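Quick one: structure below, then a few questions.
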Amino acid sequence: MTMTATEARREVVTHLRLEGVTAGYGGPPVIRDVCIGVERGRIAVVAGPNGAGKSTLVKAIMGQLKVTGGSVHLADRNITNDSAERIARHGIGYVPQSQDVFEDLTVWENLEIGGYLLSKKKSHARALELLELFPPLARMRSRAVGQLSGGERKMVAVGRVLMLEPSVLILDEPTAGLSVPLTEELFEVHVRALADAGTAVLLVEQKATEALRVADWGYILVSGAVEVSQPAQEILGRADIGEVFLGGSTSVVGEGDEEE
Amino acid sequence: MSYYLTVMAMYILIGIIAAWGLNLQFGETGVLNFAYVMFIAAGAYTTAVFTLGHPSANGTQQYFWGTHLPFPIPWIASMAVGAVLGVLVGLVSLRRLRGDYQAMVMLVVSLIATYLVSANTGFLNGQTGLALIPAPFGSVHLSELNYRWFFVAVTAVVALLVFDVMRRITGSPLGRTMRAVRENEAAAVALGTNVVKIRLLTMAVGGAIAALAGAIEVQFIGAWSPAGWTYPETFGLFAAVLVGGRGNLGGVALGAFLVQGLFLEGTVLLPSLGNPDLVGAVQWITMGVMIMLFMWFRPRGVLPERRRRFATEARSRVPLLLVRAQRDARG
Amino acid sequence: MNQVLSSLGFGIVTASILLPAAIGFTLQFSATNVLNIGFGSQMTLAAFIGYVCTSHGIGLWYALVLAGVFGGVTSLLLNRFLLTPFMRRGTTFFGMIVITIALSLVLEYTIEAIWGPVSVFYPLSTGGIVHVGAMSFTAEQLVIIGIGVALALATHAMLRYTRTGKAMRAVAGNAPLARASGVPAQRIVDLAWLLSGFMGGAAGVMLGISLASVSFTMGDTMLIEIIAAAVLGGVGQVYGAMLGSVVIGVLLEESAVVLSGAYAPISAFVVLVIVLLIRPTGLFAGTAKAKGVAA
Amino acid sequence: MTPVADGVVAEVERPAAAAAAVASHRTEPLLAVEEVSVAFGGLRAVDRLSFEVDPGTIVGLIGPNGAGKSTALKIIGGEVRPTSGRVRFDGTDLVGTAPHEAARRGLVRTFQLGGEFGRLTVMENLLVAVPGMKGQSLLGALAGKRFWRASQDAEVRRARDILSGLQLRDKEDAYASDLSGGQRKLVEIARALMARPKMLLLDEPMAGVNRSLARRIEETLSSLRAEGIALLLVEHELGSVERLCERVVVMASGSKIAEGDMSEVRSRDDVLSAYLGRRR
Amino acid sequence: LPGASASTAHASGSTLNIVSFVPFSGPDASFGDLALSGCYPAVYAVNSAGGAMGHKLACTTSDTRGDPVDAVPAANALVAHSSNVVAVFGPSSDEALSTESLLEKAKLPTFLMAGLSQYDYQTNPYYWRLTPADAAEGVAMAAWAKGHGYTRAAAVFATGTTSQGDGPASINGFKALGGKIVANVSLTPGQPSYNTEVSQVVNAHPQVIFFTAPADTSATFFAELHQLDNGVIPPTLVTEVAEEPGWITAVSGAIGLPTLEKQFAAMEAATPPTTIPGWSAFHKSLYASPTKVPNVSQYVDDPFTLSYYDAGILVALAIDQTRSTSPAVFDSAILGLATPGAGKVVVHTYAAGAAALAKGKKIAFIGASGNLYINKHHNVAGAFAAVSEGTNPHRIALVSATLMAKAAA
């Protein structure tokens, strides 16, 4: 996959595409002129320091913040500033960084709400499937999510968004609080499988190294602007970036060798 | 007209004092005291029985006990009663209950109090209430009108004192801790804050101030009855705090001025419209609409809570006037 | 003993009125996080509309339905054109309480401006008393009990057999996330207001029938009992509200037997406070967190 | 339990505890968790958990999601009352005391989620944590600015230093509710530092924090240890745990399944299978 | 025109106001209508006859909201704007005591609505009470029951200001006359039901009930009494509350009109039949007046309405007679104008009175309430009638003065 070829194709078929998006919270814009995109079947990672504007970026995509400049496209549809509900109906699934679950509802009910757009029967079947995919959740299906541990909540949040089998999946730090094996499983099993099934995945991550390992493309956002936009493997190889944004060494102790 | 001005001034000042007390509880600490008017009433009744004299001296009125003591003892007694009542109510409702439950329990407590006083004629003269309560400062010899202005002036001084106390509390580390309790109780506890104590403290101080407002009011009006402190009156004060700006003393004062003064009393001056029978109703409707308009244009109040910045270089920014007021208060 | 039983009959009637009212109040609160102090006034308004219907010769029970529909529609419109716009402006939890207080003022005094400060009355039948043991019921009271139970069952069915109940709680708990999951939040909120208005309207007429009079402060007086029932059951818990209604309704009547009538309301509320001290989150404690109380 | 009863208990227990300390050739541990259990409904979230932390050491508490780590911290910090067992800190039994008592005695806990004071500025968030600051009592507040101003100014300066270290200096006047997810975690750490604790209970301080910043936090924690402050660190980032902790306690399903240094623990089969708990 | 040359503070032709100072909102909001329903026809009668001394009269309002906290500023506003005010209608019992000191300052003829016993022997020259005191009414109830040979009575009173006057008076009066109070029950308004109170009454088997409560509370109470007593309602004596708008409708809605007609009697100030000329004149003005309260027909025989109509006319006539719009001057003329006597021409309308005065005659005005018999305490004598609704619309005075005196002893 050469860079130029990818970029050329991106112009045509990129499923989710941001063109020069500017957005913020009423004051000076937090993100400025951001251009990113992701194709179906691919995984793109957005990394960057705390407060760089990553979450702001995805909130802007999801219609939770007003986009004051630029545009957001889904396939050939302009979804800039569409209502959150319509964006969901267009098939974009989203796990926010915080407030990612319905605390008053049980695990099962969280899944049901995730499948709100499905028929009752389908939703039921899909929820059962997901409980199989995340066995710990099955044990707590009738417990209120507000009482779960930090990691368990995240599992529910991810489970909820998978109910719909979205065409675009946006995960804002889905692994914060997840144990190492679960993090790996999420990246290497679930996210990969979704991408292989044709979903376009946009992953916001602080665990950038691990995320980039499964990703196709990487963006690094600094102070609200895209500083780096490169294939994931190339970023992993760049010593300069590794030092500044990925936390020094790219081989963090104790991760890969836990598995067996 | 001048008479009327004194009444307006008094009602606004009393409203401001009461709203500041409520703001300490609700604006700063986040205690939803829906029984607030009960504390005003407690202060009013206390001052009433401390000034009316022995019950037998007031043939037609029945109350359980009474004496006649000079200013300012009744006011101080009222504050003490308000503070104690605040702690008692706080102990019952604040220790275990969660915010919205506290609010509703307080609402119910307020109602219970109204019922109790109304149902027991022998306690505080029941539904009829107490009347002919003597005015304070008996030794001051002034013409009627000047006396009223004198009363207004005393109340204004009291209001300044209350302002100073409020400013000291809200501007201090204590005030910050109160706001921390409001924002996140669990986190405040984890940092070593005794949340129960902070809440009870707010209940006591706020209760004392509410009672003070009631004490002043009852001596100004000369009468007090259960009809004057039904639970909706509490909502009026909440409206004042929110319209003016929760957590901002100036804003709260402005809110009290608007809601207690302009909306409530100002509408008394409305010209009689077509059918004078409607005036009463129209006044209330106007008040409702005004509140909505203010909330629409200033959702966080006319003067919202200030963001507290910390100057790199420490410098006192207390206006001269207040410095003098503080000195007077101490001297 | 006889007295206790006979009061139980009245307790059941009161409970049957509280039932739809408390369900409506709680349902709307749990779905929208708006503590609607104007609920009592909305009830009163609907009760007056019921009066307008009966004075135009419409039968009492048709009037009840019409008043319910009127209550539902006005509640929906109020939400659309008043409350939702305020919510969109980021009005806080308490700000919304103040808005509903203002709304209650406007409604109540509009009623007074139209109908005057006097009470109005429904045409009631004065015959036929049914005895059930020591309890006795008029025909109207029996119908009221029937309606109360029917509305409770209907609510149960809606919550049990549709996803609406869950969607309501989801929207209340985390509206942005609910929208992002494709839940039509606005429609769900509208529905909650519609249902609560309908229940409140029906309860208003039922109250007017039971009291044999309709006055413009009637609903406001009832509001405390509604809140008590809702709190007792656990705020936002519809089934809790059902239980709370029955407990408060019966308690109000029975405590009048044990104590003197003047203390009846007090004792009912004292029991509420005591129950809450023992079970701080109500009888049907959910996991619900304090609703935006610091916000 | 009333404080008086506490005293009595402490009096009775002291000889035994002292003997134990002598036997193990160690000074008395700062924190001793003894056979602590708690259940939520039928679920035993923490099951007869015991371990100790000595002054000036960092102990890691690790385990799969839902193992009971946060609950253990909540028990130690006083938020959750255990159904049985004791928590001794600095010579006193904490169980049964008021929930804020632990922090008063210098045992401060951070939150895994949602610990910020939303509509307080970052600086205010930090200042709230300062223990026993002048002007925190009613009388102190009424005494006026002159009384507490100087001590607050000193704390403000200290807070600014801490914020600079965490790259949050420019967010000093921002409301905590307007911060990014990672920045909130940083405020959490900064607040804990402000509290001048004897011991810190840190619940996943590095989750969501940028890696390079996380390394700086590690350095800060090491320097705290050097000052004699003890730390109990719950963290999924095992790299950090390995670099920082003398000793780790591994939990699974509420109970301790292993204890030792990281390399030792890491090689144990039961630890590995617990970590792969998803396949249990 | 009379008074054209009078020296007064009021510019000739300026409007003079009669302020109704009573609750217009809150639970007692209906008091407002009582005062206004008397004021409007009086003002109409005066104005259509050319006005008092050429001044037009007008009815204005000041809402006390029924509690002292709101009444005090309203009273202050009234005092402040009193330059064009010639009379006050009100205050009611809700705010009378708390506003007394303020209203005294206004030195305006004040026609109390309060039945409080505090005013039974009052000496303020500006205070007038043209309806009997609450206590008198209670005594009248006792006397009536005694007169009908009843010995067992139940007293049922709603908590509230008026019942603190009526209740004890009826109970003590009945005991003084040798009767027995078998049940003494108080009703807290606004309850969802009163079945315990009702049971107490039922179980005590009274021969007669002394009763007062607002319309809505009464409806609930009697509906339940009807229900629990198997449709039997003992003879019931109700205070003048029964004359308030809606009360009859309320209770007849609850128990049926036939029962109401048969078993109930309402106490009210004994007014002569509505066929007297003063009443006819009032009745005409009431409907002719362009401003009316809603549902005005409810007020045609309300004693408050009638007495306020009379008060309005008396004030206008006093102005004409003294040729002064200054209350300090004309107030003292009111008593004489209301009291017939030798050499006085009795008039029944304002127009007739003004014309007679213009001719320099001495007059006495007997208006809608008939002869008021105002005593030196500016109170009216308080002979009562027990009035029944329905088939017998004419009034039957049943309480003799001697019986009343005995009961009051």
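Going in written order, the chains are labelled A, B, C, D and E, and every chain counts its residues from 1.
Here, a contact is a pair of C-beta atoms (placed from the backbone, for glycine too) under 8 Å apart; a residue touches a chain by one contact, two chains touch by 3 or more.
Predicted model only: the values in this text are computed from it and were never measured.
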item: Number of steps on the shortest touching-chain route linking subunit B and subunit C; value: 1
item: If a chain touches subunit A and subunit B alike, it appears here; value: C, D
item: Taking each chain's C-alpha mean as its centre, the one farthest from subunit A; value: E
item: Identity of the chain that, by mean CA position, is farthest from subunit D; value: E
item: A-C or B-D - the one linked by more C-beta pairs in contact; value: B-D
item: Inter-centroid spacing, subunit D versus subunit A (mean Cα positions, whole Å); value: 31
item: Subunit C and subunit D, separation of their C-alpha mean positions in angstrom; value: 47
item: Chain centre separation (subunit B, subunit E; CA means) in Å; value: 37
item: Mean-CA-position distance for subunit E and subunit C (Å); value: 39
item: Residues of subunit A whose C-beta touches two or more other chains; value: 147
item: Per-residue overlap in subunit E, given as positions that touch at least 2 other chains; value: 24-25, 27, 29, 32-33, 159, 188, 293-294
item: Interface hub residues of subunit B, defined as touching at least two other chains; value: 115, 119, 183-184, 277, 280-281, 284
item: Touching residues (chain side subunit E, partner subunit B) in the complex; value: 20, 23-27, 29, 32-33, 36, 59-63, 65-70, 72-74, 76-77, 79-81, 93-94, 97-98, 100-102, 105, 117-118, 159-161, 164, 188, 291, 293-294
item: Residues of subunit C that touch subunit B when the two form their complex; value: 35, 37, 82, 86, 89-92, 94-95, 97-99, 101-106, 108-110, 112-113, 116, 220, 224, 227-228, 231, 235, 262-263, 265-266, 269-270, 272-273, 276-277, 280-282, 289-291, 293-294
item: Subunit E-touching residues of subunit C, taken from the complex the two chains share; value: 3, 6-7, 9-10, 13-14, 17, 109, 112, 116-124, 126-127, 129, 136-138, 207, 210-215, 217-218, 221-222, 225, 249, 252-253, 256-257, 260-262, 264-265
item: Contacting residues of subunit E [partner subunit C, same complex]; value: 24-25, 27, 29-30, 32-33, 159, 185-188, 190-197, 199, 214-216, 219-220, 222-224, 226-228, 230-231, 244-246, 249-250, 253-256, 259, 293-295
item: Subunit C contact footprint on subunit B (complex, rising order); value: 26, 30, 32, 92-93, 96-101, 103-105, 107-109, 111-112, 115-116, 119, 182-184, 231-232, 235, 238-239, 242-243, 246, 277-278, 280-282, 284-285, 287-289, 291-292, 295-296, 299-300
